[in-house]
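In this document, chain identifiers A, B, C and D correspond to the written order of the chains, with residue numbering beginning at 1 in each.
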Amino acid sequence: MSDFIAMRHVTKNYAGVQALKDIDFQLKRGEIHCLCGENGSGKSTLIKILSGVVKPDEGSEITIDGRVFPHLSAHEALEQGVRVIYQDLALFPNLTVKENIAFQSFSEKGSPMVSWNQVEKTARGAMSLIGLDLDLNRLTGTLPIAQQQLVEITRALIGEPKLLVLDEPTASLTRKEVNALFEVIFRLKSRGVTTMFVSHKLNEVFEIAERVTVLRDGERIGEYVPSEIDHKKLVFLMTGRKYESALPSPVDPLAPNLLEVKNLTRNGEFTDLSFTVKKGEIVGITGLLGSGRTELALAIFGMTVPDSGSLLLEGKAIKPRSNSDAKKLGIGYVPEDRLRQGVIQAQSILDNMSLTVLEKLKTTLGLLDKQKMKTDAQTWVKDLQIKIPSLDSSVKTLSGGNQQKVVLSKWLATNPKLLILDEPTIGIDVLAKNGVHDLVKKLATKGIGIILISDEIPEVLSNCHRVLVMQKGRFVHELVPGPDAERDLLENFNLS
Amino acid sequence: QSIPKAKIKQFSVIFVPKLVGVPWFNSMTKGFEDYSKGSNIKYTVSGAANTDPAAQARLIEDAIAKKPDCILVVPNDTAVIEPAMKKGMAAGILMLTSEASTIVNAYADIEFFILAKEGKDMADIFVKHAGTKGGYAVMVGGLTNQGHNARADAAVEYLAKNYPDLKQVTTRLEGSENVQEAHDKTLQLITAYPELVGVLYVGSAGPIGGAQAVTEKGVQKRVAIVGSAVPSQAKKYLLDGSLKASYIGNPYLIGKDSAYIIERMLSGVKLEDVGNLPQFGAQTVSGRVITFHADAEVSAANADSFGF
Amino acid sequence: MTNKNPGAQLRLQRFFGQNETILLLVLLAMVTAITAVSPRFLGPENLFSILLSASYTGIFAIGFLLVLVSGGLDVSFTAVATVAQYAMGTVLLANPDISPALALLIPLLVGMALGSLNALLIHYLSAPPIIITIANLNIFFGLLQFITGGEWLNGFPEWFDHFPQTYVLSFENADGVKYGLSVIVMIWLAVAVVAGVLMHYFKAGRKLYAMGGNLEAARRAGIDILRYRIFAYGFLGFCAGLGGMVHTLITQTVVPNTLVGHEFDVVAAVVLGGASIFGGSGTVVGTVLGVGLLAVLSNALTIMKVPTYWHEVFVGAIVILSITITTLSALAARNREKKYHAQ
Amino acid sequence: MLNNLLAASRAWGKRNAEMAALPFLLVGVVLLLSVAIEITSEGNVHFLSVENFGAMAAQIPELGLLSLAMMVTMLTAGINLSIISSANLVGVTMAITMLTFGPGAASAGLTLPLIVLTIVGGLLFSVLLGLFNGLLIAKLKITPVLATLGTMILYEGLTLAITKGYVISGMPEEFLVIASGDVFGVPYALIVFTVAAVVMAYVLQRRPFGRQLYMLGSNQTAASFSAVNIDRVILKTYMLSGLLVGLAAIIMLSRFSSANARQGTSLLLVTVLIAVLGGTDPDGGFGKVLGLVMALVIMQCITSGLNLLGISSFLTLGLWGALLIGVIAYRSYRAKNPGNRPKSVSA
């Protein structure tokens, strides 16, 4: 099989940051090729160069079907059949679903006019390819993030895709959607379409990849066949280190209830939810997309008001009306959308870390104690092992895992009794993920009650004391992680 | 002539008009300059790009820093510039104003029309064309334009006293600095008030817009358009009868006579002793206000003689 | 609420929740109220004159809409219009025999050139458009006034004179005077229709919406951002030139400081028409309605015999009120959609 | 010694990238103007003279306060287009109060208490006007441009309705002292501005509210998820903007001894210009008082300097625009080519 695409000597320097160093990378026609590496190892950059969004430095060379380009333009890449689903979605929130899906046809030569019939037909056809059924006339921005991802995937199937690039497409998908996606990939493979795939969920890599290229710090480590390496080896190749993960230390069965949720209902979101969290307990909540887990979290965190039911914290009834109420009560929430809800990217690490505790940092004059602000932040940086250039650097210079730790530290600084973590490891690499998991378990030993919301079954099973399964706004199952847990979930709820 | 050149005192005068870049003040400045050609007075203009009174006060303060011999201000708002004028006087500058008879902090104020006469003349001309019965409206350039308000007040007062059957249909309108606005508002007046017999405009764009409006509606005969239009612009409308009359002074000549007054004052002559003016002749002095009357009726026949 | 036909119901709600529909309802309510107070308002003569006097603002607004939709902003268009009309006026006075077509082409070209300059600066300096265009407003207007001394232009050739009184549809009133739909209004409507078709039926128009919705996504989708920026700002420049030309045709004069300073009148009309100040949304129909609403208001205040001193209070209050209504109904619509789709 | 100084200045420039060029620009402008004025005026007039500094000192406070009022709202990614019309409404209200009760108070020897009451009332009123803006933005979710565009027209309309277009003048002498008086040659108004600027700098940098305001300006959603009460910060911001406008109104009223509906309208866009020149990001989240003050002084030097040179105010307008574009071009160049780092260290 000849190489369909060959990238040679690809180098990229972002104003002093060496994102890629002299990378060679090949794709064979019709193969499924995974790109692995830690956060910031250059995966997205390589993809953007291939799609013509980023221009590589002088000396780089890209060959597609025998044609040689020193660099591509976005338009040329599309013409060559390269379709990319970006990590940070690239949809037009103000346009309808059908227009987003068929948008590529607007760049084709031919009539300068739009044929709306054609747009609708194209969109419908592409959706049927992956068995999607969405209101074509809905504005894309009003869709939940998972459905937006599906729109993005559908869009990539328009025209004559020769190469489908997926940059962490499964980050916000649950197993059900992931399965559907894999099916699409196999179907496309049978039509000769090549797939390039990036994921931090290594089990998925082993499930689907035919070849794996590993990047580390912008350098190519090598190319492997999955059957020849295992999970641990791959992690080692990516990080240059070995790691072990431990199960959470057991909860004291006599520990008092920290949080009691009784018959909590919010119309249209969740119904009649009751559960408890003990001090030092990690309760996992998993389920399908749109099952209402985030909504539950927001209600406990005071950002929405439930219609009925009650909340008790340490035995006392609470009714947080806002998240500052919740904060005062000792509740913290790490939101699911790190980039939009979690960090303030443009601002400094110091400012992000102290945002929740500004009132506590006041001196007698009512002014902020900058010194205390800094020393406190330094302590968190050390405790959570956050890798930062300096406290004054903006958060956007950090990798995903370190950004997530900044969010965590912001809430830990409030000295919470209850911490709700909503998808805390989306899009962060194995080591960072491991770091977050270790941290969560350590916090539990200090008596903090934790609610861990996650789509990743292995994540909840290996980090929680107890797992609740939610569907359509109700709890449908409860289990304690054990040898049969995984099978149980798969068989009863199609969750793997 | 035998005085050595170096010993001739050079006087510098800064002219601060309401705003720069409009024909009226361009023409007035030319009057200053032409009068002073070959004399020992040098004029510079320092005007704002808009009629914001605050901006003008800033300019006066800057002008004072330049330590000229004399500053002549045509204020957008007399009250606003008082403190700045006071500063100038304290700095020993001959501070003068024009069109600001109520000024307190100035050595003299030059008025180129007699307000009472202005009111009477405008009113009389208006009545000549609009008749003595019915409704009329008054439009100024801007509701906050104090000079326009004063003239409008004078005319309205005179009309109210002498022609009781002529009634103002509504409060003063604004838009007389903008042809389109004057045109639109005039049309609205015609629509809203069937009893309308005429509109009196203070502000040079107003009469043009008004004339266009009555032409459009074919009511030139019924609604008299009278106001202070720029003669060169007005001529066409005066000829076709849509503009009945214009009443305005000649800024070029006003500039020349103002320059004359300034020259005399700079050379130490008291205000009372200025004497007859080269262009407009007689003047009266009362307190610190020196007044001559430059405004005259513009007709199709004499429009060209105004030179602007 | 019944669940018989939720889809149809939603569609109905969508229609009534639409900004354009709400605006139209507000406009109709206003017209009814005004007519109740002063029946003269509703006469065809007055309505045609409202259209005529709103025409140049209307033309500016269409151009402004395009820039807004593309995610940009431009407050320099009044200065561009002034420079354009001044250029035309100067040429006309210097060569009275110049062919009308050529003379009328001048402001359009000047407008497009200056508009494109805005686009180039915004693109290459990657600077906020509002800042670049405030700067250019000062540069364009300042230099024009400095160079020309602000002299007024008038006394244009004969053919220039009668333009606004050329009617497409004409009637005679009781006095036997002709009135009707002026060509100038038709120019406005033509620009609106062209823009409307362009925005909805042409790929170029959809690309502008895309850029305004998500610039990075547009870049990744292979849209040549610079080209479409030049297109949007150039089109506004074109509209500014055209508006300036129309303004000169109506007033028969060029007075440099009449348009500058009235940028916010146009901004108010366009956002009242439902265009988002952050780009990506807005329609031509909404914009025309927004312009209409403000034009009706300013016309009606005099006709309703409201004392002049209170006019601005009314305008301010109505602007705040309409924006509140459209903002709140947009929020309500979004919640409705969410609820419907959650079912 | 010199090296330390250089290093310190480089560190400062790094920390304050958005205003790093301003000190040089300021020095450059002053030098250029001094020389140009010296030459053209043949030594009669000096840029670096007591008179000129006096003139500039008189003009800086009101423009400075208004620019601060504009800047705080821009930090939250908002804008306040109603600053000028608020100032006029407040000014007119205060003027009418003093004129109405002035004679009575004077005969009773209570002029001073009346003035103090008027000032306090005026400040409260302007905070209220700001609050109204804040309510429209925070509670009704109207975008700041539109909300303040509406109130800009509304407030001006109210002032016009009150004054019928006439100017209200003749404030008590004791009130005029605010603008005309000085201590050791420093005008009171300048002191007011300086104090306001220093307090603002502290509030923005060192009060919890200030930090929240910046954070909210960068990413409102994330700030709200961090338990920042968004509505309250926005309300406070616009009230603070109102308060600064109130101070400007007092100074304007005292400086002109009069108030009317449309004073200072030409300053609106100038305040935006000054804020941006001083490094405030119109997209929110960044900007410092020090930068604004430097930009203010630069603008004032240019305006006054060009006036002294006798240059047309239209050319000055054009030069402002060119200066702004120049500074933005410089910043954009620096952003694309940061530091004097060699192109590739590792290669």
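Just so we're on the same page, a residue touches a chain if its C-beta (ideal position, glycine included) is under 8 Å from a C-beta of that chain, and two chains touch if they have at least 3 such contacts.
For clarity, every value in this text was computed on a predicted model and none was experimentally measured.
**Student:** From the C-alpha centres, identify the chain that is farthest from subunit A.
**Tutor:** B
**Student:** Considering A-D alongside C-D, which chain pair is linked by more C-beta pairs in contact?
**Tutor:** Greater number of contacting C-beta pairs: C-D.
**Student:** What whole-Å value do you get for the distance between subunit C and subunit D if each is reduced to the mean of its CA atoms?
**Tutor:** 31
**Student:** Distance-wise, how many Å sit between the C-alpha centres of subunit A and subunit D, to the nearest whole number?
**Tutor:** Here subunit A and subunit D have centroids separated by 44 Å.
**Student:** Roughly how far is subunit A from subunit B, centre to centre by C-alpha average, rounded to an integer in Å?
**Tutor:** About 72 Å separates the centre of subunit A from that of subunit B.
**Student:** Any idea how many Å lie between the Cα centroids of subunit B and subunit C?
**Tutor:** 35
**Student:** Return the residues of subunit C touching two or more other chains; collapse runs of consecutive numbers into ranges.
**Tutor:** 142, 145, 150, 309
**Student:** By the touch rule stated above, which residues of subunit D touch at least two different other chains?
**Tutor:** Subunit D, residues with two or more chain partners: 160, 164-165, 312, 314, 316-317.
**Student:** What positions in subunit A touch 2 or more of the other chains?
**Tutor:** none
**Student:** Mind giving me all the chain pairs that touch?
**Tutor:** Taking the chains two at a time, the touching pairs are A-C, A-D, B-C, B-D, C-D.
**Student:** What part of subunit A is in contact with subunit C in the complex they form?
**Tutor:** So the residues of subunit A touching subunit C come out as 51-53, 73-75, 77-78, 84, 86, 89-95, 99, 103-104, 106-107, 112-114, 135, 138-139, 141-142, 268-269.
**Student:** Quick one: which bits of subunit A touch subunit D in the complex? Just the residue numbers, please.
**Tutor:** 11, 13, 15-16, 18, 21, 303, 322-324, 326-327, 333, 335, 340-347, 351-352, 354-356, 358-359, 361-362, 366-368, 370, 392, 410
**Student:** Given the complex with subunit A, which residues does subunit C contribute to the contact?
**Tutor:** Listed in rising order, the residues are 200-204, 206-207, 209-210, 212-214, 216-224, 280-281, 334, 337-339, 341-343.
**Student:** For subunit B, which residues count as touching subunit D in their complex?
**Tutor:** Where subunit B meets subunit D, its residues are 20-21, 44-50, 52-55, 57-59, 61-67, 77-83, 91, 140, 142-146, 149, 171-172, 174.
**Student:** Could you please specify the touching residues of subunit D with respect to subunit B in the complex?
**Tutor:** Those residues of subunit D that touch subunit B are 41, 44-45, 49, 51-52, 54-55, 58-59, 62, 160, 163-167, 169-170, 176, 179-180, 252, 255-258, 260-267, 303-304, 307-308, 310, 312-314, 316-317.
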